[in-house]
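The letters A, B, C, D, E and F name the chains in turn, as written, and every chain counts its residues from 1.
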Amino acid sequence: MRVDNRKQDELRPITIETNYLKHPEGSVLITVGDTKVICAASIDDRVPPFMRGQGKGWITAEYSMLPRATEQRNIRESSKGKVTGRTMEIQRLIGRALRAVVDLEKVGEKTIWIDCDVIQADGGTRTASITGAFVALVLAFQKLVEQKKLEALPITDFLAATSVGVSAEYGQILDLNYVEDSSAEVDMNVIMTGKGQLVEVQGTGEEATFSRQQLNDMLDLAEKGIQDLVGIQKDALGDIADAIK
Amino acid sequence: MRVDNRKQDELRPITIETNYLKHPEGSVLITVGDTKVICAASIDDRVPPFMRGQGKGWITAEYSMLPRATEQRNIRESSKGKVTGRTMEIQRLIGRALRAVVDLEKVGEKTIWIDCDVIQADGGTRTASITGAFVALVLAFQKLVEQKKLEALPITDFLAATSVGVSAEYGQILDLNYVEDSSAEVDMNVIMTGKGQLVEVQGTGEEATFSRQQLNDMLDLAEKGIQDLVGIQKDALGDIADAIK
Amino acid sequence: MRVDNRKQDELRPITIETNYLKHPEGSVLITVGDTKVICAASIDDRVPPFMRGQGKGWITAEYSMLPRATEQRNIRESSKGKVTGRTMEIQRLIGRALRAVVDLEKVGEKTIWIDCDVIQADGGTRTASITGAFVALVLAFQKLVEQKKLEALPITDFLAATSVGVSAEYGQILDLNYVEDSSAEVDMNVIMTGKGQLVEVQGTGEEATFSRQQLNDMLDLAEKGIQDLVGIQKDALGDIADAIK
Amino acid sequence: MRVDNRKQDELRPITIETNYLKHPEGSVLITVGDTKVICAASIDDRVPPFMRGQGKGWITAEYSMLPRATEQRNIRESSKGKVTGRTMEIQRLIGRALRAVVDLEKVGEKTIWIDCDVIQADGGTRTASITGAFVALVLAFQKLVEQKKLEALPITDFLAATSVGVSAEYGQILDLNYVEDSSAEVDMNVIMTGKGQLVEVQGTGEEATFSRQQLNDMLDLAEKGIQDLVGIQKDALGDIADAIK
Amino acid sequence: MRVDNRKQDELRPITIETNYLKHPEGSVLITVGDTKVICAASIDDRVPPFMRGQGKGWITAEYSMLPRATEQRNIRESSKGKVTGRTMEIQRLIGRALRAVVDLEKVGEKTIWIDCDVIQADGGTRTASITGAFVALVLAFQKLVEQKKLEALPITDFLAATSVGVSAEYGQILDLNYVEDSSAEVDMNVIMTGKGQLVEVQGTGEEATFSRQQLNDMLDLAEKGIQDLVGIQKDALGDIADAIK
Amino acid sequence: MRVDNRKQDELRPITIETNYLKHPEGSVLITVGDTKVICAASIDDRVPPFMRGQGKGWITAEYSMLPRATEQRNIRESSKGKVTGRTMEIQRLIGRALRAVVDLEKVGEKTIWIDCDVIQADGGTRTASITGAFVALVLAFQKLVEQKKLEALPITDFLAATSVGVSAEYGQILDLNYVEDSSAEVDMNVIMTGKGQLVEVQGTGEEATFSRQQLNDMLDLAEKGIQDLVGIQKDALGDIADAIK
């Protein structure tokens, strides 16, 4: 049994509250254990310069933490005057992952801005952001469908993310919280579609290495976790989920 | 009757949810109509360089909005690489106001960081921040009292803030929402103590002016509103409020 | 009697030297005691993006101090790579105040840049900047009138600013110098028109508070000071002053 | 046959010129097809603040491209005033990978700075950087051994990196050049040790997905490529290689 | 005769007003035709990190222009968030030139900050800055002498600067104003000591070249101008000048 | 004899390897003793805003050093977030010098970007950059001639640069290496054309001065060195050199 009494292959309690904010076209508050992220999807009727004239849409993401989302207060990136490498990595990852399940041709020349703001952090903020952002994105597209600006949801599959790792104490574990993440020898983020296709695999040994076998075992765990997460996304979306094949 | 059916001297519905976050020493979610601000107070056992060796504490504040707190998405200040003038004005104001009701000598060489993050904005975010931050600050000090690091709350009075303005349509009004704020001829932020002393008065005519009489009438409205706000603060703090004279 | 032998309601010696610089459309050197500010008004035939196509003008201000304007040398903001919060507050204040007495419709699509550069500082630099900038602005508009680019001065009233405060030693005092400002319990900047209408009131207790009565007494002092300042502005402008009703 | 007449599982021609620069403790010029990277290892007798007093060493990496390393000239990051997200991702990756095969306890309180400067780019610059940087790092440690500042090379294994991908035309391919990389549906960077342990796996579908089977096939290709790369590293290091178990 | 009726070898009218500002240890307002520069020398009892522990002093300079010192308004460097290359060149030049005539050993561990702020520009602002800054520097050292912090002025010679150039219309000319500078084929700044030794020669052909003979003729002109400038410096310094051999 | 056994008027061994890089229109690796610089010339079919519509070309240069080009590792300017004053001075100098021998009218509305990246530094990096950049520039123009985009090379003369100095030990010396440069009393960079016209002379005494006679002797040395450098440039360019009169 893990520190919070979970089994190795058990996710933390997860909730997704849809339409959490008044202004964005789509928004959720996702809670994964003590990790809480507000995900908002905003529609902008322009595309960035490198996309103009192609008739295609674009999805871009930004990620931030409140200064006191963590145990120790962090300096705001706006005060530092620059975004850290960690933040950049995460926002590039979120955008790339979402684009893998969106038919950008069908979106037309629009940018969807995804904002993931971590209100409270306890490990897994980037995977919670992706899982929540997918729902916020669907809600925003649904609004365009209702306004007859899109014929159908330009979504090709569900998308969710989780972390897996190798712990000295518990072996391979699913959905690491902060304490587990800090002590894990190997940490892997996996992003998958509802049909079980991989979108992104990022496995990292910090001052450690891992075998092909361990990689495969971790992927098995992740696959199970992501199926559960997609189920939670479907519940949160209700009828809208039916329009996604 | 105003756009949201309020009387001229009526505040919007207000709630203060204490201990909203897990990590900070003090935190609240304050809701003023559709304006929602997370206020966190963090204790740091150092003071800034200009305060060292004086045996006194310091209180400093930071303020930010989520990009989609507003009707139109705003660019993040961390992406811009700098903090706007408006943000700087607000964070200086919050810090200065709170320091007016804290006995910094009694705090000792500590900095209290106040973080006000606007989750949703509908006018009055700076005054909601101050009203909420006061409660978060008291909760953080209370934790120090409970840990025997302070003998008593180093608070000299309650502190709350609200806005008043002059509207062409409704005359003088209390607690302006975004629509009212955008069309007001005069906008004034008033910060007062529980005993009715002024801490800060900032009245501004944007492309307009106002008379001494109008100033006085606005101050009457603000005084009434602040008394109500202090009542709500007392309810939120419960027993802790009794320790503030 | 105050430290410089002034009465409580007495301004420091004030001079306004018009057309101080060769290049700007309007410029003055204003001296308020030992505070000296060069104010320049530059006309730009464009407006900022958010104003385009409205047929209206815009007035924006920048404020800076020479590094050794003060007792201790300050680091240049250009070396720091960013403008401080104090500077931003002041430049926003100057621009907003001037816009209150200008009929921007009559100006047409032009921006007037106001540059206030403090050569020597001894308290009251922001209020001296406003009082001087008003004269520089009128001179720049007068040049447009002479060039037949404007039919008449698009100015609705005179505008001047001063500070008032509460001192432990002298009570309520007008036009604080640096020493007085540093020790004042309450500091208030007041900007008024020639006809006595308020444009901006910013009263602040730094680690102190003030009563409604004190606020009113300070406003009385400010009103008297501003009438004197408007008289000095009229003398500096000579015949041009007559065109302002 | 691929565009440059390679087989699917064939690396490009690779050379590693050791001691390429005069000043650094260790340096190489690595050439992977038309990709050329100068890798330098510099020894600094301090560690970053977060490592002080632990008696352990640290390895950190920086990565840059000459503006005209690429087909189109890129703006220098020094001119832009900030480092891009891509650069940050790569330099974090290089540092993390090298640390996985270094016994930092044995290094003692020293920082090794790794500088990877891409002189010419034709795909695979980050994996070439890692493969070259490993050799430069060994050379720098060897210098410390020769100076009797270290007893033995604090290296636990060889380390090399390559890319693999899925191409619509050629299926799964090893060591993608720029043209192949631009059109690949899936792109994966793999970092492995000489003994075949994984250090980092980063597989990404840009607007595409991949199956568990494809992942495994790509890993097989990468494993073969990395064994070849380690052979080239051994040749370049000559006798020094023998000291690495 | 030149555009302003000067002969080829004639300086513009020059004045140096000493002790122009209240706060700095030394200050002047230097006027060279329509070019006006405030030069201030501030004494700081620390030296920069690279000088610590050597027992020597340091002199460093900063240079700036008011935005409307010029015909067209310039954007402030503080607003741009960075100092231009031109400004950096000039401030490095001023500091280096002054250090050539100061015995830094005798100064002891102090930094003298030289601030040259151009109030009005009409060509030759960098040479006017140097000529004025020398006087401000002497005044600051004189203050240290009077305070018995220095035994004698640590100055080895007078120092002044001027520009010379080659004009298509007038041939070789001394002390170019803005119009002459803009159209000159060759522009040279010369800094010399009172005894006629060269400190800095910077001759530049912008889209043009010049011969050894032209270089020599320009140096002759500069030498004459600098002798005149040193005379004006002596007059401005009065008795203090006698202490400089 | 000097530290590296050179005579006072002797250049270090110099090589220029043309077409060093694959992508740029023109490129060289220039080696001057242990100083090595990659110079690349890139053609951009736009001109900067201030040049638009004039039908003329522009040449602009950027200069950088690899962090470990020097004995001690330097912090990257991209990490610092700003370019140093020294770098700015050098890149302005390179661009200005090259423009002096190019007929910009004949270039048409194009910008040539010159990138000088110092791979290894041992003194004289700026003069090596100019000497190498001239060759890279000619190669880029030659490519335009071959593509019939230019009728002839728009080059009016050869251009090369070297340093000269005054050393306490060796007197006046040509082409200073790092050790000589660090201890020289006077340091002068001279840029000349193939026909012996001066383009730029920058002589500097750091905490020292020099006489007119010394200036002339240094210019004699420089003239001899530059004739040798032009010979090496001609050899490197081969037949292309014949097209430059």
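Throughout what follows, contacts are C-beta pairs under 8 Å (C-beta built on N, C-alpha and C of every residue); 3 or more make two chains touch, one makes a residue touch a chain.
Which chain is which protein? Per UniProt: A, B, C, D, E, F = Ribonuclease PH.
Values in this document were obtained by computation on a predicted structure and should not be read as measured data.
> Work out the mean Cα position per chain and let me know which chain is farthest from chain F.
B
> Tell me the angle, as a multiple of 5 degrees, of the rotation that maps chain A onto chain B over the C-alpha atoms.
An angle of 180 degrees brings one copy onto the other.
> More than half overlap in residue numbers between the two sides of the chain C-chain E interface, or less? Answer same or different.
Counting shared over all numbers used gives more than one half: same.
> Could you please state the distance in Å, as a whole number, between where the Cα atoms of chain D are centred and where those of chain E are centred?
52
> In angstrom, rounded to a whole number, how far apart do the mean CA points of chain B and chain F lie?
60
> Once you find the CA centre of chain D and the CA centre of chain F, what distance in Å lies between them?
For chain D versus chain F, the centre distance works out to 33 Å.
> Taking the mean of the C-alpha atoms as each chain's centre, how many Å separate chain E from chain F?
The answer is 29 Å.
> Would you pick out the residues of chain C that each touch at least 2 other chains?
81-83
> Could you give me the chain order round the ring, chain E to chain F and onward?
E, F, D, A, B, C
> Could you list, by residue number, the parts of chain E that touch chain F in their complex?
My answer: residues 82-86, 88-89, 91-92, 96, 99-100, 104, 157, 188, 193, 197-212, 215-216, 219.
> Which residues of chain C touch chain E in the complex?
Where chain C meets chain E, its residues are 21-24, 27, 34, 38, 40, 42, 44, 62, 64, 66-71, 73, 76-83, 87, 113, 115, 117, 119-120, 122.
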